[in-house]
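Each of the next two complexes has subunit A plus one more chain, namely subunit B in the first and subunit C in the second.
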Partner chain A sequence: MTATATEPSRGVATQDDRVATRPLAARLLSRPEVGSLIAAIVIFLLFMAVAEPFRNVANVGTILYGASTIGIMAVPVALLMIGGEFDLSAGVAVTTSGLSASLLAWNFGLNVWVGILLALAVSVAIGAFNGWLLLKTGLPSFLVTLGTFFILQGVNLGVTRLLTGNVASADISDMDGFASAQNIFGSEVTLGPVTLKITVLYWVLLTVIAAYVLLRTRAGNWVFAVGGDAAAARAVGVPVRATKIGLFVAVGFCAWLSGMHLLFQFNTVQSGEGVGKEFIFIIAAVIGGCLLTGGYGSVVGASLGALIFGMTQLGINYAGWNPDWFRTFLGVMLLLATLVNMYVKRRADLR
Partner chain B sequence: MSTATTERHDAAGHSTTPIVELENVGKSYGNVHALRGVSLNVRQGEVTCVLGDNGAGKSTLIKIMSGLHDHTDGTMKLDGVVRRFGSPREAQASGIATVYQDLALAPLMSVWRNFFLGNELRKGPLRTLDIARMKRICADELGKMGVFVPDLDGPVAGLSGGQRQCIAIARAIYFGARVIILDEPTAALGVKQSGVALRYIVKARDAGLGVIFITHNPHHAYLVGNHFVILKLGRVVLDAHRDDLTLEQLTTEMAGGQELGELSHELRGVDPGKVIDPGEVEHGQVEAPALSPEERKAVEREEEEELRA
Partner chain C sequence: MMRRSRMSLLAAGAVTALALAACSSSGGKQSTEGDAGKAGTATTPRMTVAFITHAAPGDTFWDLVRKGAEDAAKKDNVDLQYQSDPDGANQANLVQSAIDKKVDGIAVTLAKPDAMKANVQKAVQGGVPVVALNGGIDAWKSMGVLGYFGQDERIAGQAAGERLTKDGAKKALCVIQEQGHVGLEARCDGTKSTFPNTEKIYVTGTDMPSVQAAITSKLQQDKSIDRVLTLGAPFALTAVKSVKDASSSAKVVTFDTNKDLVGAIKGGQVEWAVDQQPYLQGYLAVDSLWLYKTNGNTIGGGAATLTGPAFIDNTNVAAVEKFASNGTR
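Showing the complex of A and B:
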């Protein structure tokens, strides 16, 4: 045999016969949201079996409502995690937003809508501040947003007490613009036996938009890149600072949306609310397949994570179990989901 | 060929004007002066090879031109205009594409997403990513390099070092509009792919681009280079045109003058054909091929002189 006999045709890459094409199942299983999908189905079946009210169609609205209040925040938090950062202030930022709208409108006798817009400015500014401080100092976002978390927590309590002498904002339901704002942020629609809160609509809309942006736009490509390797992304021309600040601003925007629902659902906002929620959002994102190290994950997964929360929260109630165990259940879920994610990913990568 | 004109002409006969000019450029990392008083011209239609020891400052030099670092002294001119790139994005907008020594790929992103990162193709009123076109171009470009990547949708973390290097090279060649900078592009490549990479360098030059090629391989450098710049401890110690230099001279210069001759003399006694019985060693039992005290003094003296100069 001569050496030239083995020379492949020039200029054309020869097919590598060591790699078989991956079967469709393996490709589907290597998607980040697979773990959360399996978990959601298992939990759904579990509560269908043990909790009688869970089978009642009328309760679908309640379950989805619980999921939506978490999902509206879990989606931007997942985007941020894919972009390689955390936001521990996301929970209290929701409260800050609700309080801002309410206290500003009430204190200065403004139309409620003016308060709402001012709250939007406050929320976006908090997000931008988080991002700016992170990039300015080079500190990990865990520390920076832990700082903002405590600052906001204190400001929420302090300012509320200063202005109202109370731990909650005053009831603003008799002020100008309240009714129309409540229509936007706190209404519900009835579809046959199911009553859906408007937050469910926002949640689904956010998930669809975020999934589209993440997978089908340039900005989404940049989110993956800055989370995967920020230095490499910068070196090939990705605007890393703008991308990261944009992600924090998105969290701020969703905190505003959440905060407005909080306000118009209950007419007042408790100043101590929101502490601990940040972990719920992060857990939903992790269950949904987001890596803590960034650069990998899915917003659809995060929404499934939120759905798991919604189902569990009510499922435990409906099953008549002691709700004290809810958190324990969450912890177990978190561990299981991450293990499943890891296992599935490894199997799928090995084909 | 021997006529000494100030204006060089390339093979096709166009005059070679500098695109990027560095004048007395310096760069300090804190108290480390990585570059000192470096002047360099990158001409259109020429391959400029930057050579030098490890840590000589080659990567630092090209990172200034690619917008990754800002220089601390001197000036950089682009088309005769003094410029300072605030970010690699600005450099790219000026048509400068770079293959970095550490490649700059996002490990968990797919091959085609990495290829187009920062230069995404979009279509339609919604500016959606044109995924089909990007995949096709990516497959074509990699195919032309002779690399076969099993799955364009798979993460680059799953590829070999050389395959990743090919992606980085193909990307720079595809997007380089005026200047292409390659920092040790052939370091991890097989013989065949190295050949392809060198051919690309020549093609880019023939298309009228300015190419900067960093390598430790004098044969590769001499095969494609028009101009050779050797850095030592952050300074330019040689800046010569190909006409004024033979491969032997270049190799000797790269090895730092006499050092290679001494090395070959020293290694001649080592007998590479020898095979010895397998044995076991304790940690640290294999002695470092240390310099004799006189040799070490000579090296230290030389370095001191360099620093004083």
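Showing the complex of A and C:
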């Protein structure tokens, strides 16, 4: 997943140094995701050394699964951050999506696939609402999405209780369409000794698509532009409104994908889930080189950030370290990863 | 004109077909509707009871407590005001607001007794009858509370440990879904005291995929684990998936139940559950306040009324199942 740049020919000796290509190594090292790549390798080697089960190839599936559930959301959250905005409702929106599909299908006796499509509409609408409110009011996205975060938390609980009398959605595994939907959202494939959950495939796919859009299309340039300086971007004709709303909708779409996995992996959804995950998505994006101020970052880096988080979380279990200190280890590892990232980037910028 | 109406007929037909295809032939709300037999209603004057718990939003365990409380309230002509907050200080504030509202009785959980003590005593001194449930078995008496309905988490843990020993288990993994929760720690510690080869793991209870991955990784790391002991029904059902992912032969056992878990015990995916009868805790708490108000009775004779631990396993699951489908076990 590393970016491989092709080296252009450097035949001409008398080149203007403003347009001269920097050496390949320097150009590679100054990519935003390189720091996180090196941090990922460091964390990987560390756990390879201390945790015996970490070395077992068969366990790769578990680690990638842990990373993928974060990565699916870290990718759109990174795009949004590059576009200069936050989404604090992203974690709870995943739960909202799973609950919508489950409750709508269950309450009205619908085919599960109808519930899934309605949930998609709900998720996209939440994203669009966030974007719309942000642009309408001019409030910082931090505040707007904090509002949505609380609203959705209450709605999740309230509506679930209203419809089912419980705080978790009812089991819908006996309804029409569940089996086929489970194949799409909650299945797994076995490749030799490794069993991969389907979320890993979605994660990789999303990363590739998002990286392509960001680096190779006009829409990608718009994302960087609105995150760097929205006023300047508007002045040169970038559709700021559409870009920002589009980014929030992308988060909504991925929340839907994530929510569908939650539903079809576990058959029911607990209405209190997802609180606190929004920060993990943001952390993954930041480890991956996204700036909190916008205008700079990488989706490949965000995916590497998710991988670092997944490796650390499970590596601590694999290493069998005292669980009382689990969070402390996690915090130290994340700081370590971020420091390595920063160091590499600074060295690269000096060249 | 003819053409037009044929078209609309076709369209209507297509819509009907789609609508039919959109419906599920099985499951859903319709298949669960049925009414549980409810007792009659008391003719005593209407009284107000504040029911204040430390439930975290979305914890299915509290559905059962609340249903018990609601059923008792309906029967006793009680206006039940259910509130909850997992934060100790906030929960204490809810007690204060109940005092301010001049309720006729307060049922409260004392999971964080130190935070609750001052306001509970204020209620008692102000002449509001208070009963405790679920948590605070060591603390309720000193606050002047009338009675306690629940289980001793440590004793419940010990019972689970004894059961593990009897089952011939070698090593158990105790899964704690909320780090620093006194009651959950007491369960694991109790289990460890009677089944020493118990190891703890902390997982993030609000994030199911990470719970699944964490348990899986632990099972992959330590192949000697042959029992996964979870402390809540939803986590037991997730642990079943982890065991499968890790290709482990470990069996899943748990504290607490819900409808899906009872099904899993019946299906053999989960061996047994320690049941503390949450419905009964909620019911007795409200009912005891009504009895105290209308007839001056207290329950328990100054000692805690234990609602558990009892075990649900394949020998008695059939009897529990029909109540579980009503959402009351």
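The rule is short, and it goes like this: the second predicted complex is superposed on the first by the 305 of 351 C-alpha atoms of A that agree within 3 Å, B and C clash if a C-alpha of one lies under 4 Å from a C-alpha of the other, contacts with A are read in each partner's own complex, and residues count from 1 in each chain.
Basically, a residue touches a chain if its C-beta (ideal position, glycine included) is under 8 Å from a C-beta of that chain, and two chains touch if they have at least 3 such contacts.
These figures come from a predicted structure and were not determined experimentally.
> For A:Gly295, select first, second, both or neither according to whether it touches subunit B, subunit C, the two together, or no partner.
first
> Quick one: is A:Leu157 in contact with subunit B, with subunit C, with both, or with neither? Answer first, second, both or neither.
second
> After the superposition on A, what does A:Ser187 contact: first (subunit B), second (subunit C), both or neither?
In the superposition, A:Ser187 contacts neither subunit B nor subunit C.
> Between subunit B and subunit C, which one contacts more residues of subunit A in the superposed model?
C
> Give one of first, second, both or neither to describe whether A:Gly228 is in contact with subunit B, with subunit C, with both, or with none.
first
> Just to be sure I read the superposition right, which of the two partners does A:Gly237 touch: subunit B = first, subunit C = second, or both, or neither?
first
> According to the stated criteria, A:Thr338 is in contact with first (subunit B), second (subunit C), both, or neither; which is it?
In the superposition, A:Thr338 contacts neither subunit B nor subunit C.
> Between subunit B (first) and subunit C (second), which, if any, makes contact with A:Arg218: first, second, both or neither?
In the superposed model, A:Arg218 contacts subunit B only, not subunit C.
> If you lay the two complexes on top of each other, which residues of subunit A touch subunit B in one and subunit C in the other?
none
> Which residues, counting only subunit B, touch subunit A once they are in their complex?
Contacts found on subunit B: 66, 68, 87-89, 91-92, 98, 100, 102-109, 113, 116-120, 122, 127-129, 131, 142-148, 150-151, 153, 158, 171.
> Subunit B touches which residues of subunit A in the complex?
Checking each residue of subunit A against subunit B gives 11-16, 19, 22, 27, 216-218, 220-221, 224-225, 228-229, 231-239, 291, 295-296, 349.
> State the interface residues of subunit A toward subunit C in the complex, per the touch definition above.
51-53, 56, 58-59, 61-63, 65-66, 69, 105-112, 114, 153, 156-157, 163-168, 170-177, 195, 199, 261-262, 265-268, 270-277, 310, 313-314, 317-320, 323-324, 326-327
> Flag every residue of subunit C that touches subunit A in the complex, lowest number first.
21-30, 32, 56-60, 62-63, 67, 179, 199-202, 204, 206-210, 212-214, 216-218, 220-222, 234, 237-238, 241, 245-246, 258-260, 263, 327
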